[in-house]
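Letters A, B, C and D mark the chains as written, and numbering starts fresh at 1 in each.
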Amino acid sequence: MAIKLGVSLYSLQEDYYLGKLDLEGCIERVSNEVGADGIEFLPDQMPLPGWPELSKEAVDLWFSWMEKYNTVPTSYGAVFFDTMYKNRMLTVKEVVDLTIEDLKRAARLGFKVYRTGIIRKEHLEILERCLPVAEELGIQIATEIHAPRGIHTWWTQEWLEVIQRTGTKAGGFVPDMGIFSVSLPVPFVKRLLREGANEAIIARIEEAYRAKEPLSEEDVRGMGGNEKDLQALSSINRLVYDDPEWLREVLPYTKHIHGKFYEMTEDYQESSIDYANAIRVLLDAGWDGYISSEYEGQRHYFDIGCDTYMDPVEQCRRHHVMIKNLIAKLSGR
Amino acid sequence: MAIKLGVSLYSLQEDYYLGKLDLEGCIERVSNEVGADGIEFLPDQMPLPGWPELSKEAVDLWFSWMEKYNTVPTSYGAVFFDTMYKNRMLTVKEVVDLTIEDLKRAARLGFKVYRTGIIRKEHLEILERCLPVAEELGIQIATEIHAPRGIHTWWTQEWLEVIQRTGTKAGGFVPDMGIFSVSLPVPFVKRLLREGANEAIIARIEEAYRAKEPLSEEDVRGMGGNEKDLQALSSINRLVYDDPEWLREVLPYTKHIHGKFYEMTEDYQESSIDYANAIRVLLDAGWDGYISSEYEGQRHYFDIGCDTYMDPVEQCRRHHVMIKNLIAKLSGR
Amino acid sequence: MNEKYLICEEGLRNVVQDGKKVGWEFWLRIPYYAGVPLSMIDHLKVTIDGEAVPEEAIRFNTSCGEVFTLQELETVTTYRWEYGEKARITVLQDGGLAPGRHKLEVDVALRIIYMPKGNSSYAWAEFDVE
Amino acid sequence: MNEKYLICEEGLRNVVQDGKKVGWEFWLRIPYYAGVPLSMIDHLKVTIDGEAVPEEAIRFNTSCGEVFTLQELETVTTYRWEYGEKARITVLQDGGLAPGRHKLEVDVALRIIYMPKGNSSYAWAEFDVE
């Protein structure tokens, strides 16, 4: 199939944070237990030895893992360091220089997609200035389309304008499936309920969100909502539900997708995100690329401790089953 | 002959500072007008384009000049950046990393000697940690033996200890001929006299220095000395006259020498420095390497303006004549 | 972020030098989902038994043994606080902490570009000190 | 060092923006025998007609067009003040300088490792301003 499946090691972050897994361990579990070959990682989260210097030894180590676990590098999760110093923002030239160094590291590690994110207007100029180097390196600079900004916002549209104006082959996007959110993340709602939110009020907040008639603070207070209900409201205001059809506008420049999800049930459902329509568009467009599972639910279980964590590996496995099921069903197989 | 002659572009600094010469112009004048082939330069003084990044283009440009002017790179004048930040000194590791990068640049430009200088105790550890990289690059890390410190001071002796203890082939010295000073720099005395110093008092200060019975401030005041005479006294206290025989202790680790001088007369004399005895030792030891002329007299003519500058190119030419004359005379040719 | 796991289970210990208690220390994980150069630590406030520790008394110890004051951290771009690293935080205080139970509070913020309002995290814990 | 040539012969000029005089500027060479990263400028004091200019009003302009305050310079390691470069120094001052003769004084210091007491240079010049 044209849609390939991978995992962002971001999904396994809590186990790494607490010292239960190292970088190799994460790759091993993705390969052996999720059964996927596409590896996305954030070097600043799970650095190779000596990072941010990248020695030949570190490169060899990386590829030895890729070979050992039968995996391939997909997308490299980069960050901007504009805020390096307290007394000033870095200049455009300084960020360009750092980004070019980073692009080279990504290319040396075999990545074809350099996922970054436009935050400030300056980033458009910065990334445009990096495009020639990216072309030379054969890597795509892809800005993530991520809530609270969607496809029809300047973050996406102005980068699209740069791609089309320059005619570059090295510019693109990583749409994050979170832009098709139909409700608050399930584990977040569970936590709010543990903390005292009202189930009925949250249900009405979510209905109003789906009806595109969002409630106001006054509305929620009028229903007798407490601070936790208001937290649900302010969170839902930062969610995005883009029409999945809009994906077609960016798919020609998209090689990689973030399969954001918050909680997979035992029967392979993720009720917070409209995967069905997104996958339908991808299939219809004949899109080719990796979807990286990006699990982001564990943090909502911190209050009740490590032992009741959802297992991120099992979560990613279920996520892949869901996508495969959708593909099978939608393509009539 | 085993003693080869070159010029440190440091000698031409004022013309560069005032925009009369660029880096290529300096090399051209050394080659065509001094008639020497050995080129020493300080990249921080006369940087190649894009410095401190060193592009392939910049390297090609450098070697195109070496070819065009029939010159060879001798010693690369490096500096330490410990004081990069106002709020702290750089750590040993940070300076090691910067120095390793710099060693690589020096090696790429074809230099065989990396002239640096030990200032803080930490520099001993820093340079020792850089030795393995220098060995790999085939470049010698040479600390300058420069007044106010001479051969028998810790700066020199502790680096000698490192060289002998490690058995490295990549550690050494650049003796600066200024450690054989027999009087204040001639142009400095001329300036002091223009500014009101007393010729007789300065002569007595210099005599006492040569007799190793230095005068005190009280002595000079007692002779009726003024502030300018006292300036001569404090300056002479920072001069060094090492026994030229001591050179033999460091010559086995010496590939390059700084031919410091302050003013060459028309008949090829430099009266402030004991070149005769130093050259005698070099010849007797059969020393092989470059002496880089390092003219440092122009600054003392700033007060009477550019037009009366000594011409640094002519000064270096005369300096080479002096050394050749000494070699001929001392080797009985 | 990660508030529950910021202060590490290693607890609170006195620092003894030449037989004298010269301060105390604890271990801290980063309040973020990645590592950062140390210069991106925007503030690190420490409170013990309800009393704020003077900023000048705080030292950040890197995993490779460098020691920085908070003021020095502002230019430290070449050393990182890695994700999951337990950074040792030392507080210089003659006599250290008295034996017994103490309440430690930390408020730590990083400068992250997509968090324009700053990323400040608060955590507290109680530990017995010998 | 190089005191005679620090202040450049380009003199002193008002800076006009949208038809208004918003400050004035002059050009300065480095008081050293090599170039340095801008963070190594330890201080840059400017005096006009005997009056010290407030530090916050001073701007250092790099040859490639970046503009930094003196406080920002403390972390600017990636841009250099090259040996022989005429750096444009701007002083923000509403109304600029009145036409006529003005006395400019500068005191500039770099942090150089082998000059433990600092390397401070003083220069002055008088110029006519239109």
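Just a few scattered comments:
The rule is short, and it goes like this: contacts are C-beta pairs under 8 Å (C-beta built on N, C-alpha and C of every residue); 3 or more make two chains touch, one makes a residue touch a chain.
No experiment lies behind these values; they were computed from the predicted model shown.
Ranking all chains by how far their C-alpha centres lie from the centre of subunit A, first place goes to B. Of the two chain pairs considered here, B-D and B-C, the higher C-beta contact count falls to B-D.
In whole angstrom, the spacing between the mean C-alpha positions of subunit A and subunit C is 30.
Between the CA-based centres of subunit B and subunit C the separation comes to 47 Å, rounded to the whole angstrom. Rounded to a whole number, the gap between the C-alpha centres of subunit A and subunit B is 58 angstrom.
Multi-chain contact residues of subunit A (touching two or more other chains) are listed as 84-85, 87. Along subunit C, residues 74-75 each make contact with two or more other chains. The touching residues of subunit C, when paired with subunit A in their complex, are 1-5, 29, 33-37, 39-40, 42, 74-75, 77, 80, 82-84, 111-114. Those residues of subunit B lying in contact with subunit C across their complex are 84-85, 87-88, 91, 93-94, 97. Contact residues on subunit D toward subunit A in their complex (touch as defined above): 64, 66, 68, 71-72, 74-76, 78. Of all the residues in subunit B, the ones that touch subunit D in their complex are 10, 13, 16-19, 42, 44-47, 51, 79-87, 117, 119-120, 299, 302-303, 305.
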